[in-house]
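Naming follows writing order (A, B, C and D), and every chain is counted from residue 1.
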Amino acid sequence: MALWVGEVVTNFPTGPGIYRLRLKAPIEETKPGQFVHLRCGSGYDPLLRRPLSIHDFDPGKQEIEFLYRVVGKGTAWLAARVPGERISGLGPLGRGFVVPFGKRLALVAGGMGLAPLFFLAREAVAQGNRVTFYQGARSRNYLLRERELAELGVELEIATEDGSAGFTGLVTDLLADQITSQQFDGIFACGPRDMLAVVASLAATHLIPAQVSLEEHMACGLGACRGCAVPIYQEDGNLTYENVCSEGPVFPAHRVAWDVFGR
Amino acid sequence: MALWVGEVVTNFPTGPGIYRLRLKAPIEETKPGQFVHLRCGSGYDPLLRRPLSIHDFDPGKQEIEFLYRVVGKGTAWLAARVPGERISGLGPLGRGFVVPFGKRLALVAGGMGLAPLFFLAREAVAQGNRVTFYQGARSRNYLLRERELAELGVELEIATEDGSAGFTGLVTDLLADQITSQQFDGIFACGPRDMLAVVASLAATHLIPAQVSLEEHMACGLGACRGCAVPIYQEDGNLTYENVCSEGPVFPAHRVAWDVFGR
Amino acid sequence: MNLTVELAGLKLQNPVMPASGTFGFGEEYASYVDLNALGALVTKSITLEPRLGNPPPRIVETPAGLLNSIGLQNPGLEAFIREKMPFLRRFRPPIIVNIAGSTVDEYAELARRLGEVPGVAALEVNISCPNVKEGGMAFGSEPEQAAEVIQAVRRVTTLPIIAKLTPNVTDIVAVAQAVERAGADALSLINTLVGMAVDWEKRRPVLGNIVGGLSGPAIKPIALYAVWRVARSVKIPVIGMGGIMTATDALEFLLVGARAVAVGTANLVSPQAMLEIIEGLREYLMQNNIDDINKIIGSLELTSPL
Amino acid sequence: MNLTVELAGLKLQNPVMPASGTFGFGEEYASYVDLNALGALVTKSITLEPRLGNPPPRIVETPAGLLNSIGLQNPGLEAFIREKMPFLRRFRPPIIVNIAGSTVDEYAELARRLGEVPGVAALEVNISCPNVKEGGMAFGSEPEQAAEVIQAVRRVTTLPIIAKLTPNVTDIVAVAQAVERAGADALSLINTLVGMAVDWEKRRPVLGNIVGGLSGPAIKPIALYAVWRVARSVKIPVIGMGGIMTATDALEFLLVGARAVAVGTANLVSPQAMLEIIEGLREYLMQNNIDDINKIIGSLELTSPL
């Protein structure tokens, strides 16, 4: 939780419109699922910071990595940065995933949902878990970091919508196929909201605890403005709004009120 | 009068916060006193184009030069451009100086007023005029293009406010000292408005026709919005507002209503 | 593919036109824009007598916006008819003449006289200019006064009347409904928001006129809201404007219910903005297999499709 | 050098405070900002009962602006007193509690109850929230209604009352003068402008609540104008806000007559914005040899010094 200025170490394309950014930043520790709020430019357009998940972290060198897709002016600005340039960052922010020890886990990444799950995979393996990593993408050339995932020692399962690699179809279909036989103790997912809703329902059906990382438009990133609220059921069953930035971005899947989102 | 995309050839500092930008642009011809309206960035902040005088022009290579001081976000954006980058330009716009043949001329530049007058000096000399070039600056290190001016064959007279080079005082004081003895047929001036008003009054006193290049905030640059209006006396003595962009930026000094400017 | 829209009895070949005051009288842009490609031609505001306009500086940039205090500088009605109309008549799109008066009678007189001028297709009645001492916005700020102006104009002309409204009001719907009842055939909204800029170094207002009207991307959210509310509350069509820079901006206005759009500040940034917007709309329809732009108008979905 | 200003009987060590709703209840920023360095602490709007707030998405960026539809999410009066006040009381600057009601009685009840709470230094009465169905902006849109709320609050409290006004009105001066007569000790302006954003790809409003309030640099010219007009028309002091991002922005508001300034959207961009603004004001005074910030307030020169 700090405001700092980081220096670009590397920043290069690694897929269609997808970049990997490495920043030198005074971050002592962070955990998978946390994010950093980056100022994109110095003017008023874009105005707000942009949240990016921590994709990897090297505590020795104090370097953090991001994996991001260029979708608008903030990420386009980021993509144009070159080594040595400075970027203002706020974070790490939010609560990360709660990582168990020595369990059987499924990590389910849809598209850019891979960003935080890569870091999570590293930590989960380090904590003695056996990890199956489900990566879903539009097509083969959208697949990300396959080799490094394999090197981490996870079992990698691929699904592409066009069938150009791995299973043909949605990553959630692949998970549904395997969920009964695999006997997971926990599921961790990040990706488009519709995908997460399916993961949540699969997890509920199979009585497997699941943690999902949600996205919402953000302003402060600190829990102050209530701008990033998502509908969450409290333990007593009452509906409330919680902040993705400060109470998330990771929520227990069964607590998310999937049906009452505003869009 | 065209909308084009130019390519940065060079762009480097040449004084305190002062840059020279060379653009490759499809401009066939232009004359001193005209300007180009440059888009600074692709976002909405800055929003409007920024007018810069044509500082020099190489018709063979189709390259134009600008000399600008960084004063705000538009010029700061310009200063960060590197060779090969593209900039949208509109122009050349406006009416330039009317350059006589074979006369005795004074060119009076205050600060960045040098930008168009350098190009004017080149043309004036080419048209057989004998030119005394008065350059006024805050101090020695703000003086610009002395060597090239000397090479053009003009008589260079320097005034600095702090006396670090040439005459100590305002360039208009220097002009006033010399105006009687020099017998100028015409005076051409560009610089801060207060300076131009003094030049205009000196010229009027000595019955010398003078042309001044005015600045005003601009939007369209085309004479459509009436945003860049300045108070001008018509030949019949009536006051009217004329557009700096389309009816200027160069005006006969005696027609400018110096006393009715809004600030 | 159909880009044609109907508006107050006019048939526009596409829904894109300049916003008054940002396109001069067409001439200034003619070397950059094929005026025949536009949906309509809209003039700068015309007054009965010539107007000098306000003292400089008249414009200043603000974050993503433009503050102007031109003050309706224009050559006056007769010079307009004599010197500007002949040029405009050379083009095919309907000519919409924007008029502004200091009194109700002046509006009526302008309308009456323009009714006699060949080539004038419609009148846009500016009751929303923030930059003049008399008339202008004062007329557009209260429903009764706005209606009075439109009624007076209605009495003297059979030309389509487009009332141009100001957003600087508590309830723009009330003004819109009042001018609808008074006989307006269409509405233009929004005109600029009143604003001010300060030069902190000189400790003075930047504009010679102290206050000005704010336009550009900064005001788009306010304009979209005004158009959305008004389009749902009146039967006459709305021309939407305020911060339209791109085809997707224009699309947003059509989605919330504008029958056509006007482009203002964008012209000042790029003289080809309108052409690019028309092209962009055409592409959007093509890519989404929509054969008629009228199917877009007002098609905003309000309920979540979940 | 004196940065102290007096405002509605409060002595502020400097004129910079957070704008309600952009600083939570202080806690969220406490690790970034020394709360003791601020001119005052201003809370998010408190309602009598807890409020869930509006459905997401609640915010969307617009050019140089932010559109929000939080909808006054807050824990309600009693939880606020119990859970938030103890933290706020740990700091020296006066605590200004912002209140919002659905009825006049609710405002009065909030004021009455807060008058009993130690540490509450003043009430900011939000009659200008655009994001709630009942109350909020509806109260601030007409002078009579606005006055009614302030009168009701005045009757039940001796705390200083700061009325927070909306710019979404035809004549903000009329509202300001009405609440002044009704007993307000100071004014806050401006709250956000009503706006809307459209997702053209999905053809839906971006915000769950369809409409929201626009803040940030985009609205600064509108805010400056409102403050300038109102400050010249009332005797009570004005807290100026709307798009203040830097010390020079703050200075501009002081120049047009604001006695203090509030910083909103800037906090959301940089948690240290207020500290930098305070520092920047101090530097400005030093560099210009001004010994007292009160000499700046309202010192805008209107006539050209030529």
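FYI, contacts are C-beta pairs under 8 Å (C-beta built on N, C-alpha and C of every residue); 3 or more make two chains touch, one makes a residue touch a chain.
Per UniProt, the chains are A, B = Dihydroorotate dehydrogenase B (NAD(+)), electron transfer subunit; C, D = Dihydroorotate dehydrogenase.
Quick caveat, the model's predicted, so the values are computed rather than measured.
Student: Steps needed, at minimum, to get from subunit A to subunit B via touching chains?
Tutor: So the least number of steps between the two chains is 1.
Student: What chain lies farthest away from subunit D once each centre is taken as the mean of the Cα atoms?
Tutor: B
Student: In terms of C-beta pairs in contact, which of B-C and A-C ranks higher?
Tutor: Between the two chain pairs, B-C has more contacting C-beta pairs.
Student: For subunit A versus subunit D, what separation do you get between their C-alpha means, in angstrom?
Tutor: Once rounded, the distance between the two centres reads 36 Å.
Student: As a quick test, compute the distance in whole Å between the mean CA positions of subunit C and subunit D.
Tutor: Distance between chain centres, rounded to whole Å: 33 Å.
Student: Could you please state the distance in Å, as a whole number, between where the Cα atoms of subunit A are centred and where those of subunit C are centred?
Tutor: 46
Student: Which residue numbers or ranges of subunit A touch two or more of the other chains?
Tutor: 43-46, 261-263
Student: Of all residues in subunit C, which are in touch with two or more distinct other chains?
Tutor: Residues 63-65, 202, 204, 216-218, 304.
Student: Using the definition of touching given at the top, classify the network of chains in this structure as line, ring, star, complete or other.
Tutor: complete
Student: Show which residues of subunit B lie in contact with subunit A when the two form their complex.
Tutor: So the residues of subunit B touching subunit A come out as 43-46, 73.
Student: Please name which positions on subunit C make contact with subunit B in the complex.
Tutor: 21-24, 28-29, 31-32, 44, 52-61, 63-66, 68, 70, 73, 202, 204, 207-209, 216-218, 245, 265, 267-272
Student: Mind pulling up the subunit D residues that touch subunit B in the complex?
Tutor: Listed in rising order, the residues are 63-64, 217, 304, 306.
Student: Quick one: which bits of subunit B touch subunit C in the complex? Just the residue numbers, please.
Tutor: It is residues 1, 3, 39, 44-49, 88, 90, 216-220, 222-231, 239-241, 246, 260-263 of subunit B that touch subunit C.
Student: Mind listing the subunit C positions that touch subunit D in their complex?
Tutor: Those in contact with subunit D are residues 62-65, 67, 141-142, 168-171, 193-198, 200, 202-205, 210-212, 214, 216-222, 224-225, 228, 243, 248, 251-252, 255-256, 299-302, 304.
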